[in-house]
Amino acid sequence: MSDATRPRDSALIANRRRFQGLRAASPWLAVLAVAVLLPWLFYDYAHGRQNSFMISMFSQMGMMVIFALAFNMLMGEAGLMSFGHAAFFGFGGYCVAHFLNAAAEGDFPVPLELMPLAAGLSGLALAIVFGAMATKQRSTAFAMITFGIGQLMVTAALMFQHFFGGESGVSTDRQSAYSLLGINYAQGLEVYYLIVAWALIAALGMHYLTGTPLGRMANACRDNHERAQFMGYNPRMVRFLQFALSGFFAGVGGGLYAITYEIVTYDAVNLPLSGNALLMAYIGGVGTFTGPVLGAVLITAMQSGVSLMSNSWVIYVGVLFIIMVTFAPTGLTGIIKAHAPLARAGRLGRLVVPYLRLTSPGLMVVLGFVGLVEMLSFLTIGAAEGKRFNVLGLSPNLHASPPWLITAACLSIGAIWLRREARLFHRVWDTLMADLGPAGNR
Amino acid sequence: MTVPSIHLRDLRKNFGATEIIRGVTLDVAGGERHALIGPNGAGKTTLFDLISGRLPLTAGEIFLDGTRIDGLPPHRINRLGLSRSFQITSIFHRLSVFENIRCSLLWNRGFRYSFWHSLGRERSLNDEAGRVLEELNLSPRRNLQAGLLSYAEQRALEIGMTIAGGANVILLDEPTSGMSNTETEFAVALIRRVTQGKTLLMVEHDMQVVFNLADTISVLVYGQVIASGPPATIRANRAVQEAYLGALAA
Amino acid sequence: MQILLGSLLNGLVYGMLLFMLASGLTLIFSMMGVLNFAHASIYMLGAYFAYDVSRYISFWAGLIIAPLACGLIGAAIEVWGLRRCHRSGHAAELLFTFGLVFIIQRLVMMIWGTLPVPYQVPGSLNFTLFALYGQNFPAYRGFMLLVSAGMLLSTWLVLKKTRIGLIIQAALTHPNMVAALGHDVPLVFTIVFAGGCALAGLAGVIGGNYFTTDSGMADALGPIVFVVVVFGGLGSLVGCFIASITMGLVQTFAVTANGSISSLFAPLGFDLGGDTLLGEILTLPIARIGPLLPYILMILILFFRPRGLMGTRDA
């Protein structure tokens, strides 16, 4: 490399570095800006108060972003599927609940703003203990051990009164701890901003880790653990350290959970929560850093929004998950990334029409499926609850055949049509990609 | 008498009732280029697996620069100065070519399991990795995903990753298999360049490569070494001719 | 004494039921490398199908129809789902079955409601077979033993004595070679998966009225089955059998045992109680530790001997 001896050159280089730094930081700043402004988009200006439902949902998104990213440290970065990750999330929560209660007694003078750090350290401690066992294995054996650990925690949480509080869990009060900033965290908005701050810190930390020797070797061990051994690395140690750090961040999320809801029960260590992390990371895309973030935001929104309208959101999310696993294992960000070579070559416009052609049959399939599920759900669950079945102002009689025939027809015709269009789409896609050459460039 | 780089004493390896390695005793001197040849199924790759710690021994001892290494896990053996390549290309297919090389430099440079160093800032590490890439003729492919390289490029990368870590004893398992003539020429030149001053033990089927590169040749047949010596001696050896070389012995 | 014998018999029945579930799971995992998370969900479906059929036709019809239905569902899952996931690797297959668990559970709740259904032992089998030391042993439990033993015997016969069984055994370890010999390996996989599901369905038919039939039954039994499969060793039916019976006995006996860990130490003069978590763990009666045992066992076995008791391949 040539030396920059002239003053003007070194100034240019310094400027370029600053510009590159800004470019790298801009996505983070943009997301931060959005997160900060988000509650105000839903502010009830007429009554001068925040929309508490939306704040609650956004708070949950923040926690889940941290949890999903921590989960992906194992799944995407290290190639380790952890089926019991909620154990560390929940443990962080239980610990903070106890810390807050201790603070109320005057025994634990840690400010509320630093409680998530305490939660992280608790998660780290548990992850070290369990990690020593789990990381002895890889792949399926690892998945099974983590499953066992998760189930162990759930069973213990239900069983033991001490520490876990049995079925009723541990209650606490976030105002037991003093605040460094003098805020009393009575409002949901204040808690939300605390979550945003910690989500940023956690995400920055986890992102930094991906660029460290440990982070890179975790990737290497994921791709080829034998090769990594012949570079002097003990894959077990790499797995263990990655597991421990992942437990730290999961614990941070759990601490925020305890602060927000002021009660921690076995739900915070349960299998559905572990499954949720899996879902979010996978649907968002485990191969990228932003994938889990996208997945967390999307799934939380779906769960909050759809659950308002329907009891069956579990089915929708489950079906979405299965479809992603089968047809798009790289997740949403993977799909977006796949378009990158086309975008660079300026060929993205060729896909507009094929995509448009997919929307109509796609809508038919979705409507048909949703219709069937909702009607079925109503007949068994909804009717018992005394609700009436309303769609677009109509009240169809579900005991007669017309609504069923219509939705079934919608679903089947839509499916057949979709299959045809999908095949055509694939043909267009393959042709475009083949034109680009093997490495996706000229 | 100087200690040999690799000393194998009466190695035996059984898979169940089947004996694969039936008593191999071999010395590879320091700085020597030693080729291991033999018919398919003779046990050459198994021998490599035993030396590099990938498979456990049934009996015998292995010494690396005088230190006993049998029974040690592969990463320990690697830290003592032995590195190997694989018959079936073994790289980090999802990382970029540059990352592949950089990872092989990490341990030797003392980074260990650090989770605080930001690799992007390590100027001398990145420069070194760039140099290795240059040596391998892979600089144009620097940011490509390693899995997308052509076969010969992947083999070159594999060789690069094997030597980059600074090991003194290099084991190469069929480095030129599947390559065309030009690619083989390039690979041979590369191997000669990068193993300068190091001990090389190589399994090869391509006799031209063997006679080109090797100082010493050992012939493995049915899990036993039937001959060992300089190329001319091996060429003239009747038993080797019968077992393996056939019409090549000219 | 009577409690011992009673627990022994009950543990045996429970163990056989576990074996019916675990054997299908082991076969599927050994052959296809897929850990079917949804296996217990199929068991649940079998119970619900049997309930419906026994309402409209008879229990005995349900004994035939329900497993068949489960087998068909298994075949459908394999052909349309797992086969597509196969090229994305084992992780994708695992996740696919994981997603199925939630969907099936929700579907069951939607179709049959959230409350337990009154799936009952048929009248013809609802009598006491014999009484032992004052404890009644219901004929239905004997029936369960009979069915599970019979089913397992026939599975063993099919695998060892028939041509298709030979092909399956070969495909267990060398699917590519078997394909090269001209056999339709994907079809073999489908048959094995469907067979495993049919087994699970049959377990549901006879187990559903032994335990309660509700939408949580898969969650209750699923983890235990996994532990059994891992404990017994992947790839070994004998290991699976030993593990199932062991687990059945352990869980049954644990419920009836009196005393706790601290009571074991009491004669030595140690007072291990105390108002702490550790104290609570130590003074907890063993009967209540029961639910924790399977997971502790699984973690220990995976740590020390990932091959399980008699496994032929590592997990």
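Descriptive notes on the structure:
By written order: A, B and C. Residues from 1 in each chain.
Rule of thumb we're sticking to: a residue touches a chain if its C-beta (ideal position, glycine included) is under 8 Å from a C-beta of that chain, and two chains touch if they have at least 3 such contacts.
Note that this is a predicted model, so its numbers are computed, not measured.
When every chain is represented by the mean of its C-alpha atoms, the one lying closest to the mean of all protein C-alpha atoms is A.
Greatest centre-to-centre distance from chain B is found for C, with centres as Cα means. With centres set at the average Cα position, the gap from chain A to chain C is 32 Å.
For the pair chain A and chain B, the distance between C-alpha centroids works out to 43 Å.
Averaged C-alpha coordinates give centres for chain B and chain C that are 48 Å from one another. Taken in their complex, chain A has these residues touching chain C: 81, 133, 136-137, 139-141, 143-145, 147-149, 151-152, 155-156, 159-163, 271, 275, 278, 282, 312, 314-315, 317-319, 321-322, 325-327, 329, 373, 376-377, 380-381, 384.
By the touch rule above, chain C contacts chain A in their complex via residues 33, 35, 81, 84-85, 88, 90-92, 94-96, 98-100, 102-103, 105-107, 109-114, 219, 223, 226-227, 230, 275-277, 279-281, 284, 288, 291-292, 295-296, 298-299, 302-303, 306, 314-315.
Residue ranges on chain B touching chain A, taken from their complex, read 52, 54, 73-75, 78-79, 83-84, 86, 90-95, 99, 102-104, 106-108, 111-120, 144, 148, 161-162, 165. Listed in rising order, the residues of chain A touching chain B in the complex are 208-209, 211-217, 219-220, 222-224, 226-235, 237-238, 241, 245, 438-439.
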